[in-house]
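Across the two complexes that follow, subunit A remains constant while its partner is subunit B and subsequently subunit C.
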Partner chain A sequence: MDLVLQLLFTGIGIGAVYALVALGFVLIFRATNVVNFAQGEFSMVAAYLMVVCVELGLPYWLSFVIALAGMALIGVIFNLGVYYPLRHRTYLPVIIATIGASILLANSVLAIYGPQPQVLQGWFDTPGIQLGPVYLDSQYLLIIGVTILLVLFNFWFFEKTLLGKKLQATSQDKEMASLLGISVSTMIMITFIYSAVLGGLAGILVAPVLFVSIQMGSTIALKAFAATIIGGFGDVAGAIVGGLALGVIETFGAAYISVPYKDGFAFLVLIAFLVFRPQGIFGERVAEKA
Partner chain B sequence: MKLTRREFSAGLAAGLAAPALMRSAWAQGATIKIGMCVPVTGPAAEQGLWAQNGAKLALAAVNKAGGVLGKQVELVIEDDQTTNPGIVLAFSKLAAQSDIVAFLGSIRSTQVQAMAPDVIKVGKPVMIGGTNPDLTHSGNPWLFRFRPNDNYSGRVIADFGVNTLGKKKWAIVHSTDAFGTAGGKALSEALTKLGAPPVLDQGYANQSQDFTPVVLAVKQSGADVLGTYFTFENDLGIFARQLRQLGVNIPWVGSPSVVAVSSTKLAGPALFGTYGVADFAEDSSDAAKAFGKAYRDAYKTAPDNQSAWPYDAITILSAAINKAGSTDPNKIRDAILATQKYAGAEGEYNFDKNGDGLHGYNVVKNDKGKIVYDKHIDFND
Partner chain C sequence: MSASDNMIPAPAVRSKPLIIRHLPYFIGAAVLVALAAGMQFDGYILNILLQATTFSIAVFGLSVVLGLCGQINLAQAAFFGFGAYAVGLGTADLHLNFWLCLVGACAITLVAGAFLGMSTLRLGGHYLAMVTISFQQIVTLVMINAVGVTHGPDGVANIRRPELFQSSQSYLAFCVAMLAIVGYLVWHLPDTKLGRAMRAVRDNELAAGVNGIDVFRTKVYAFAVCAVLGGLAGGLFAGGFAYVSPDQFSFAESIQFLTMSLLGGVASPIGSVIGTGLLILIPEWLRFLKSVPGLYLAIYGLSVILIIRFMPDGIWGFVSDAFTRWRAHTKAPPVAGALLLKPATTGGDIVLEVTGLSKHFGGLKAVDGVDIAVKRGSVHALIGPNGSGKTTTLNVLSGLYKATSGRIVLDGTDITNMAPHQRTAAGLGRTFQNIRLFRSMTALENVEIGAERPGNTMIGKGDDALTERAMEALTFVGLGSRANELISSFSYGHQRLIEIARALASNPTLLLLDEPAAGLNSTEKLELHELLKRIAAQGLTILIIDHDMTLVSEAAQHITVLNFGRRIADGESMAVLRHPDVVSAYLGSE
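Here is the complex of A and B:
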């Protein structure tokens, strides 16, 4: 039982990381109908920004704010440089452009900061809490907490605010939205900024656990992408549930079946979904929307 | 004589071009070229940089001492992207340059394995750092190893843990790549020979984000000592921290990555008190100390095996070409194999017929973040 609880906690923790990155995938997909393959690199860039600020001696909270502001700026540049020029083309050139952008981001950081992985201290001084037989890593607790908050925030933002509704309208039908006086390009700009900040947040939160390295983004993004498909592409709740499910499944699969095939379980679940339920867990709601 | 305008232009052009043409003609035979496949990008870009540092340090010394065959030595670097296809491509790019006389390959066994068939085709000496024993034992005459192979690391880990620490219940954790699998197997065999077969033999895939299942398996096995073969320092750092968080504090004797510079930095206190076998230990010999000092002076940071083996490889290779008196691959091969009792940064080189230069390991300890030399264990076979 102790073992199960420990595994469950870790699974949810790592799953929450996937969920955060998956959320970024989903938001951009809903707004633009393309998958942004640079989403993982957003996480990596934010973690490096954070490391640089902390090394400069800035307080942790200020570094955090600067890193997220930097991500907002990158979201703007990304939208103007990668998406906007190709917005009237089919989805394929845009997707390839995002892959190109992800390679550019990774190698830019490599060129500027060098290849050495870095250590980023966690938000809390205590590394974790021993709760009975289960050890709760404080950084994972924070990640889970932030994920819950973000789910609530997203619900409130998209369902209760005018801006959120405008964003939803844009993602559902761009022509109709623009007929109603909504500036589609502004809405898409906001979506890119929000996704970059979300991806950045995930990167900063996960950095103390996984260390800060050039390839940290791509490993997480691959799983997050799988989580997005499992949850149902284009659904916010789906991204969260898909991420958490993936984290728990691979952790238990590793513990009870085979550690070397841990990544295999994640992708086996992905394949099963693609074959038997390609629309994902929450697929039907998306179909209704469309 | 009246000079026409056309003649004047032609003469001017020839006059301007001559120095450049002469320079390029001179340059073709002016240097001895050594190719180096090294990660400039990818997960091991960090270690790749250190490898380049080590090689360049040796190169500077060789050139200062007069170079090779009276010429300066030049290093031609090609990015292997830390992947198997990457190194095959990098090697074929380098091999296409016919004036390259020898090569430095990878420290990663998997990559050496990937490039090995091309090495036979090219038929020129390749210095390697990969420690999978099979690399030099499968009939490839062109691979020369500048680190002790894992037959030795497994035996040293087992010998130290069983005889010095007195521990008999072993848990082995190893990567499932070529390096980790061979290392885990060598350790397991060595332990079985010493009458202490492992109670747990646990593989993991590289670039894992979480090691909780592995740590819990170690915990449940009831082992009183841990032996590891980790390929990437990132993985090792995450594993070490989770190991301590989940309350596993048994002695730990690991492969060289446990005592590598970046692991020590990433994992911090989680690695305090661990033992590692290290092919490079700065305090193990005068040659290692001298290398350490030169490296610190040049790069303001501590060296480790990633930079020590390319340093030795360039030094011994240059000496071998000088001794051979020619860049003929077969003569260079004979000269490398004839290298005996050479004190390098990594230890004393006594090349055997397989192309293995070193036959033992140092045992070092992480003493509160400082790597301290403990003892050297050498084998005669």
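Here is the complex of A and C:
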């Protein structure tokens, strides 16, 4: 029982990271109808930026700010260089371009930094606290806390602020939104910046738990995408529930079934969902209008 | 319609047998095989050529699935690896015959590809991209971790070749021959029934479905073909290099295959060979870049973005595009005879019988308990104000929406629960209000796809009969002389006529026309009216939706009126149009 509780805590912690990245996926998908396959690389790049800043001797909080600012800039460049020129084409060229961007980002970092995984220390000096039978790692606590705050922030931002409503309008009907005086390209730019920062935040939070490596981006992204399908594609709540569920499944799978195949469980769950419930937990099947 | 189109029915041009027309290809291929067998290469060049040959076959697979069918596969390296391990483990560990292993490689990838395709291809393209990446990752995990079977990271050594091709030189010649054979099949594929279906699916899935193409099955076929070509290439690769290891089949390699395909041109096997050759040779020329890990892939990633942005059709697409445009305007289409419509008659006097048909979207009752009976040989109109449920009814009839309740019987067959392509096979033809043609194809090819409807009794066997039927239909709507032009060069009104020709070529039992007059100018409307008369004169039953009251009242003998999803009037045209409920629905009541 103690082990189960411990695994549940760890699973939710790692699941929260998937949920954050999945949220970034969903936001871009809703705004542009495009799945951004470089979303995971945003996390990886942010983690490396953080490592570089900390190594330069900057304080942790300043490194954090710089890394997130760097991500905002990458969001801008990504939108202008990858999405914007292709915005009138079908989804396939855009997908392929984002895959190209993902390869470009990952391997540029590899060329600059080398293949050696890096270590990033956690935010807190205390490694964790013992709560009854369960050991609560401080970094996991931080991840879960930040995720809860961000979910609340998202809700407030999209439902209660004018900017949030403009973003929603853009994602639902671009032509109508622009007729109402909303600058669609600005809204899409904001979405990309926000998603890049969100992905970056996830990367920085998870970096002390994993190693900072070139592969961390694609691993996280694939699981986050699996999370969005499990939750229901394009659904914000689905992304979060799917992410948490996936983290828990994977942690238990690694503990009870097999460690080397840990990364395979997510995909098995994904394929099972695709076959038996492709609309996910929350999703509704939508048909194209003739 | 010009006078020349009405000329005496001369048979369409009989083409020479394929084998003779394609003779130059086989001669060229034979010369290449002879060169590969006869020239003395040193080991280094030989390896590069062997790699380029086998990789090209794998990239052919992508040209089928991505280029022809518009579906993505980011796991081609995994299928390549399946083939390589099948031949590797089979010959080295199990001491099986090479040929047996090569056949096994194809069989395994066929099953894996079909299974993966079936699990995902009903869903959108994003899912496919992600699932194939996931599959690629699982395969890599298994190759590395299942040490007992795959030897793990050490890889498989001592892979054997067939007795017949022991020397590297002869093995290369064998691979070049395989390349030529597979290349021929892939090159010819777009002009076969399956290939046309793939292109139709790529261009417009909905239109493909209502023209009798099983969209899901076509995608699965394309995906399975791609996987098999990957497996075959991998098997040949393993035999050539005698050693394989997991890192040769990673996600990065899948990306490399994709880049090769995009760079050369995704639509053609020639593009595949160009792209593969370049991406194998360029790294060899710029070896010094390899000293920095990651730099190469970073450049690949950047090239993918740049190619997609600036050269979406690749190098070969760029070259051949100019050629095709030039040819389309010089090649005269064959002269065709008169179109014969022979609607099937298996049921009774009523061709289409709809009873209690409903379609609800959540709480909205878009169509609510509608009855329609369409008499054989009549023109029947379905009218109603905006939002009355006309188009929804048509979409339920053609199977794009599933009926919430009710029953649809077409010529004695219950089609209520059939998929769109099955209804088409049962004798339904339709056009769309917002035109849905296959935009990358010529007018003739569009109509050929219609003519290929399963169960079309009006075409004989073979491609010539198909072309003849399609030409007849195009000539019937007055566009026979422009058959070889691409869809984009036709006006809106003419595109509508091509859609009608596409439906007519399939010789339907019932033709559904969804607002055919929408967006037409007054001359075009008159022509449309004439066309409808000529269609009706041949006894084809038509169900038409339109807003144009002149057209409807003159063309239709029978009218059904919908409002708010319910039938408010039904009967002989003039009587219905004077019905007080109909007048108030259109003009409002006092």
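Assume the second predicted complex is superposed on the first by the 273 of 290 C-alpha atoms of A that agree within 3 Å, B and C clash if a C-alpha of one lies under 4 Å from a C-alpha of the other, contacts with A are read in each partner's own complex, and residues count from 1 in each chain.
The rule is simple: a residue touches a chain if its C-beta (ideal position, glycine included) is under 8 Å from a C-beta of that chain, and two chains touch if they have at least 3 such contacts.
Being a predicted model, the structure only gives us computed values, none of them experimental.
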Contacts of A:211 with subunit B and subunit C, given as first, second, both or neither: first
First (subunit B), second (subunit C), both or neither touched by A:14: first
A:126 touches, of subunit B and subunit C: first, second, both or neither? neither
Which of subunit B and subunit C A:135 touches, first, second, both or neither: first
Which superposed partner A:96 touches (first subunit B, second subunit C, both, neither): second
Which of subunit B and subunit C A:254 touches, first, second, both or neither: first
First (subunit B), second (subunit C), both or neither touched by A:278: second
Touch count on subunit A, higher of subunit B and subunit C: C
First (subunit B), second (subunit C), both or neither touched by A:220: first
Contact residues common to both interfaces of subunit A (with subunit B and with subunit C): 107, 110, 114-115, 214, 260-261, 263
List of subunit B residues in touch with subunit A within their complex: 41-43, 45-46, 48-49, 176, 202-205, 207-210, 212-214, 216-217, 220, 233-234, 237-238, 245-247, 262, 265-266, 268
List of subunit C residues in touch with subunit A within their complex: 70, 72, 74, 119-120, 122-127, 129-131, 133-135, 137-138, 141, 145, 205-206, 251-252, 255, 258, 262, 292-298, 300-305, 308-309, 312, 391, 395, 400-401, 432
Sites on subunit A touched by subunit C in the complex: 29, 35, 37, 81-82, 85-86, 89, 91-93, 95-97, 99-111, 114-115, 214, 218, 222, 225-226, 229, 233, 260-261, 263-264, 266-268, 270-271, 274-275, 278, 287-288, 290
Subunit A residues within the subunit B interface of the complex: 3, 6-7, 10, 14, 17, 107, 110, 114-117, 119, 127-128, 135, 137, 209-211, 213-215, 219-220, 251, 254-255, 259-263
